[in-house]
Amino acid sequence: MQRIGVFVCWCGSNIAGTVDVKAVAEALSHEPGVVFSTDYQYMCSQAGQDMIKASVAEHHLTGIVVCSCSPRMHEATFRKTATAAGLNPYMVEIANIREQCSWVHKDMPIGTEKAIILGKAAVAKVHLNAPLTPGESPVTKRALVIGGGIAGIQTALDIADAGFKVDIVEKKPTIGGKMAQLDKTFPTLDCAACILTPKMVDVAQHENVRIFSYSEVSEVKGFVGNFDVTIKKHARFVKEDLCTGCGACVDKCPMKKVPNEFNLGMDNRPAIYIPFAQAVPKVATIDPAHCNMLKNGKCGLCARVCTAGAIDYTQQDEYVQEKYGAIVVATGFNPISMDKFDEFAYNQSKDVITSLEFERLTNAAGPTAGKLLRPSDGAHPHTLVFVQCVGSRCTACAEKGKEYCSKICCMYTAKHAMLVRDKYPDVDVYVFYIDVRTPGKNFDEFYRRAVEEYGVKYIKGTVGKVVPENGVLKVQASDLLNNKQLHIDADMVVLAAAIEPDRSARPLATMLTASMDTNDFFTEAHPKLRPVESPTAGVFLSGACQGPKDIPETVSQAGAAASKVIGLLAKDKLMGNPCVASSNEAMCNGCSSCANVCPYGAITYEDKEFRMPDRTVALRRVAKVNPAVCQGCGCCTVACPSGAMDLNGFKNDQILAEVDAICK
Amino acid sequence: MRKCALSAMNDIFAAIASSKTVYLPVDGADGNAAFTKWEDGLVWSHALNTVRSPKDFFFPQTEDLMAFKTEGKTIEVIDIRKESEDFVIFGVRACDVKSFDVLDRVFLSEPVDSFYASRREHGVIVSLACSRPSETCFCGTFGIDATAPAGDVTAWKTEDTVYFEANTAKGAALLKDIEALTEEASDDAVKAQQEKTKTILAKLPLANLTTEAFGGGKTKEFFNHPAWEELSQACLGCGTCTFVCPTCQCYDIKEFNTGNGVVRYRCWDSCMYSEFTKMAHGNNRLTQKERFRQRFMHKLVYYPENNDGLFSCVGCGRCLSKCPISMNIVKVMKTIGGNNG
Amino acid sequence: MQKVTASQLIDRAAALLSDGSVSAVLGWKQGEFDYDITPAVFADEQALRDAFVWNDFCGANFSKYLLKATKKVDGKVLVFLKPCDTYSFNQLLTEHRFDRDKVYAIGIPCEGMADIDKVKAQSGDGIVSIACGETIQVTTLYNDAPVSVELADVLEERCANCKSKKHVAYDELLGDEGDVLDSARFDEVAQLEAMTPDERFAFWQEHLSRCIRCNACRDVCPACTCEKCVFDNPASGVENKAPANEFEEKMFHIIRAFHVAGRCTDCGECSRVCPQNIPLHLLNRKFIKDMNDNYGEYQAGAEVGSRAPLVDFTLDDPEAADVLDRRG
Amino acid sequence: MQVNGEFKPLIVAFCCNWCSYAGADLAGNNRLNYPAEVKIIRVPCSCRVNPTFILRAFQRGADGVILCGCHPGDCHYTSGNYYTRRRMAMLFSMLDYLGIERERTRVEWVSAAEGAKFAATMNDFVAQVTALGENKRLEDLRCKK
């Protein structure tokens, strides 16, 4: 039986004006278990808190009920008071008789009666309170960043600069991501490589950073502060530590007809390759699908020319296990496939390209060395048509495209149009758009320059069809503002393809038990207040894996994610919230209902031996809640049919006791 | 012997209902007959028997025993016992009448259960002889004559007439109350019905089932019988058999917190439940096998041992027709007792 | 009449026992009156030949028995599953309630099972014997000649409204596979929904007031496999052994239906075993119908591992008020 | 409950800590009146509310039960209220099916910023339940005073 003290606060006249606090204290003094009941003008004041402390000592209280303002206001205060008085802080319950009583009722008898009932409910609950202690878990002071694009690089650099170890896992042979493929960047038109590659070098040379390139995360276990991750390093058949990146092998490789993915297939590379000149690590990789030596055991030229002896045709995939305290997802995006957009003839004509392909085409390091040449015949084009929102904002065609706005296309299309007109004033440039969206610093100015200074022809309307005919692309479009149909003979058509999360994100989300939205973008813990955290504790989000973003946004989010990681890794121990779910194993059926509804993946199962009521021993599957991961929503408690799952601080019997007290 | 036309029964019920509550089997919407409080126009069911036995009248499924009223920190104890009102139950079959003997020995022996005793004292039983027994009937096994049931009054129902004979003073008083509505009759028709019924009873599938193998003193013989395992393996552990049984008399005493006080009540319990007689150390019947064995050993061995050889089964057949898995006392008797009926 | 014969089942079971593939057989055992058939575990061929039956009265769903049988029996348990039983089988697997590797499941086609009360309504009481052939031949004490009853006229409610003749799980199928049927099982629910609240209240009041809380519905239910049922657990706050009053009656049945909502395969065992003939299936079907109408068609047990509607959601689910309004 | 011959319903409101309970606090901050018949029970998330709690409230004499949570999409725990929405839709539909007045139950999404909505909702719900009168169909007579 608890010994409960009741403390009724006047809050000056805030409560006492509508609630007869003395009557409340008097009424509650008769409740079973209440051994002391009093009122005071300001319970939260130092004097009020001292009174509580003195009363705990004098009356040997085991539980405290404070009838005062909202627990959202002073629950923490009174918990600290309880701790100072030598009580467990969770032995305190608040009856909210201000915000939810005195302030909303005008009549003193009515307010008083309700305050007494709320007080009784709190007393009934405290009877069933049990001391709670937050769980502690150590923190592994190392972070994992999954994805080596600008988001991952920036996050890793920021964490590393704060003095923590970081590993980057990148599935491609080099870090750099999409940004490495870009030509110029809006709205400043500085060259992407010029700002990215120094960062790539920085991160590669940082003493706190390790890069696992050509690698993937294959398994994640554990929880915040204590993740166990298995990283699969694909065999690149080149010893990374020996290769100097001299490129002799690349030059000598006889198999030169492999589509170059870095240039989106617009030119070819050898079977052994370095993706681009500034690749990090600058190490060659053999593509086993095309290497004659690996396929047929014939050739071996590269090994012969490699003076460093780095070539190793017997290399196997390697698995590395590492512990991490935090994981940052930075898996980025890809343009969607254009296969379903037959109307634009993407698959029929080489001259219909996506914007990312266009980036390579205008890039000095690209397949045309930066000259604008028509892909089909290498001729100089005269008319270019840019089509915006290809697959974006696709509400009526969800099976083809995406319902959301891809956010970056308006700006890069303006950039492309401007670049073309700047270098080739003879080229006519049309841009078809639904809306032009330019909400960013200097964005609208940039777009207006494209229209006003560079004479790009912006037409509000949609392109209905592109028909390749006699080496010309016949573009049929509508001009909505002038309400007329247009027919344009174009030399090239550039499609602003919608972007989508990288395919690797979905299985990764499953491994991390991080939630995703219907578009496979990672969900934030809170869309406004915790935008860089996943609901799964210890998993953070950086860049376009969370939603479409341009570079400045990505970099700022990367920094934000890094700061959250630093905040986590700076702790030696994690103190959990003790109001978490726990499963009574004796009653658990192991049915998985709880795990199905847990938004945090906090519930796992294990087979455990139990002594059954009939004294036999049986192996049963039972749920285990990881208190470090559980956030205490209680969803599992209702999904559980047997009532094995309960929530500390809000136990079934506690809530039922409150209901009973209120309905007395 | 008195008689009246079947069609006049409504008047008879009305006459008795003026001073006592009358209950009789009435067909329900679900197709089963159930004892129902008589109201004008309710028709006496022709069904062989009810699903719920009439033990409810004396030993209801739940019954408040006492109450506590709490006010702040004070508790007041309230005696809620009150004398039962007079009532009459019509249409109790021979088997069920016999079940009252079984219950009486439990509740009326010292210490007397005052709740039960009060109801028993105020209840008048009008039994009804059987004429169309079912294949599940085996009251004969326990020496019960379905054609001449006991009770305060015995009734026989033919096509169009109901015959009454008083067996006790209570019964005689009841017949006296309705004397004006009945007339003196010879027992010819009753005798003829009894004869005919007896030939049917002799042909029942379970007519030859006997209790020979059972009775007091057989604990050692049967307790560790290997067949319990197999017999009980399909048992779901539900309480259907015990709750439809007219002789099962186990109950649990529980308390219900009403918010303003506590009601202490008793309710039927079932030895088939894993919680039955659970104690602080757990339960001494560990598996359904032990619970299952308890029920049948109690009916066939323990109870007769303590009650002059009286079995606590009356062969009503309810468990035969209602067990979800069709396991029942007949199958047990045949298997354990080696009695092939 | 059932399309597969008892001897086919016995032969197959005997073969599997003799070659050691299985070490026990879960099947139906002959009773006293030809219709009172008990589930039983058969350990050898002789036991099968002595007492195994398969006829129009083999209603019991063995899925739930597998929980105990797979733990008790060394080696595999052979279980015969009617189409509707296979849904329960899958649902239990979804909930990890028994080890699939310890079971050898034989699917058997089912033409529906007879309700003995309906048979008696035609034949009269006093049954001496029943022969299941083309029709059901019932010999009674009170009829001179056997009464011939058509199975189709005396089907259990769940069989008259059979949802599927297709087996969704088995290791081996005897006989032909059937189809998922377009059943009228929700008609009665819809009729109730069309009533006024007062009529519905009266309907349920009448039925639920008969409840004797024998727990047969719960204990037979393949979805009710909790290690400890909340109604047996004093700590749950809802524990009770008796329907002390109208509230308790409703409480038990609402919570029970809610606990199995999304997990109930509509096997109909609850209504079959209720000694008081309470139409319990109408509670479970109400949830199934509501979930189908509002969250998309879902059949519990149709596949192992599927996610039940109440442990799932979509962003644009209807609000509670809309669900009620939708039905008017 | 009858007070001076006038029916005063007893309303239990389950409010999630992050939105609706804060919304109720805001109603207080802004001194927006609603009837004292409403008694609030704080739960971490609307998904913590077990149907048992609701039935228990009715058993003990509540005349109406309202459940308030964050708006869909705004759940502090990302998805709790989506489960609530399904569970309560199903439970309330079942109660309606059993002939229990549907007006006695309600789910309302109230954000921490919607103090006015909280007060208005409670005013409306109390009026609605008052019009229905006492809960007779889901009460436990043992709990009557």
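As written, the chains take the letters A, B, C and D, and residue 1 is the first residue of each chain.
The definition used in the following text is that a contact is a pair of C-beta atoms (placed from the backbone, for glycine too) under 8 Å apart; a residue touches a chain by one contact, two chains touch by 3 or more.
Model, not experiment: these values are computed from the prediction.
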Open item on the list: Looking at chain pairs B-D and A-C, which one is connected by more C-beta pairs in contact?
Closed with: A-C
Task: Computed distance of Cα centres, chain D from chain B, in Å - done: 46
- [ ] Return the distance between the CA-based centres of chain A and chain C, expressed in whole Å.
- [x] 46
Task: chain C and chain D, separation of their C-alpha mean positions in angstrom - done: 37
Task: Residue numbers of chain D (touch at least two other chains) - done: 51-52, 56, 60-61, 73, 79, 83, 87, 140, 142-143
Task: chain B, residues touching no fewer than two other chains - done: 256, 259-260, 274
TODO: Can you tell me which residues of chain A touch two or more of the remaining chains?
DONE: 597, 639, 652, 656, 660, 663-664
- [ ] May I ask you to sort the chain touch graph into line, ring, star, complete or other?
- [x] complete
Open item on the list: Per the contact definition, I'd like the list of chain A residues that touch chain D in the complex.
Closed with: 70-73, 96, 98-101, 103-107, 110-111, 113-114, 117-118, 121, 515, 523, 525-527, 535, 579, 597, 599, 631-635, 637-639, 647, 650, 652, 655-656, 658-660, 662-664
Open item on the list: Which residues of chain B touch chain C once you look at their complex with the stated criterion?
Closed with: 28-32, 34, 48, 51-52, 61-62, 132-136, 200, 203-206, 230, 233-234, 236-240, 242-244, 252, 254, 256, 265, 267-270, 273-275, 320-322, 324-328, 330-331
- [ ] Show which residues of chain C lie in contact with chain A when the two form their complex.
- [x] 71, 94-97, 225-230, 233, 235-237, 259-260, 263, 307-308, 310-312, 315
TODO: Please give the residue numbers of chain D that touch chain A in the complex, ascending.
DONE: 10, 12, 17, 21-22, 24-29, 31-34, 36, 39-45, 47-53, 56-57, 60-62, 73-74, 76-80, 83, 87, 119, 143
Task: Residues of chain D defined as touching chain B within the complex - done: 60-61, 140, 142-143, 145
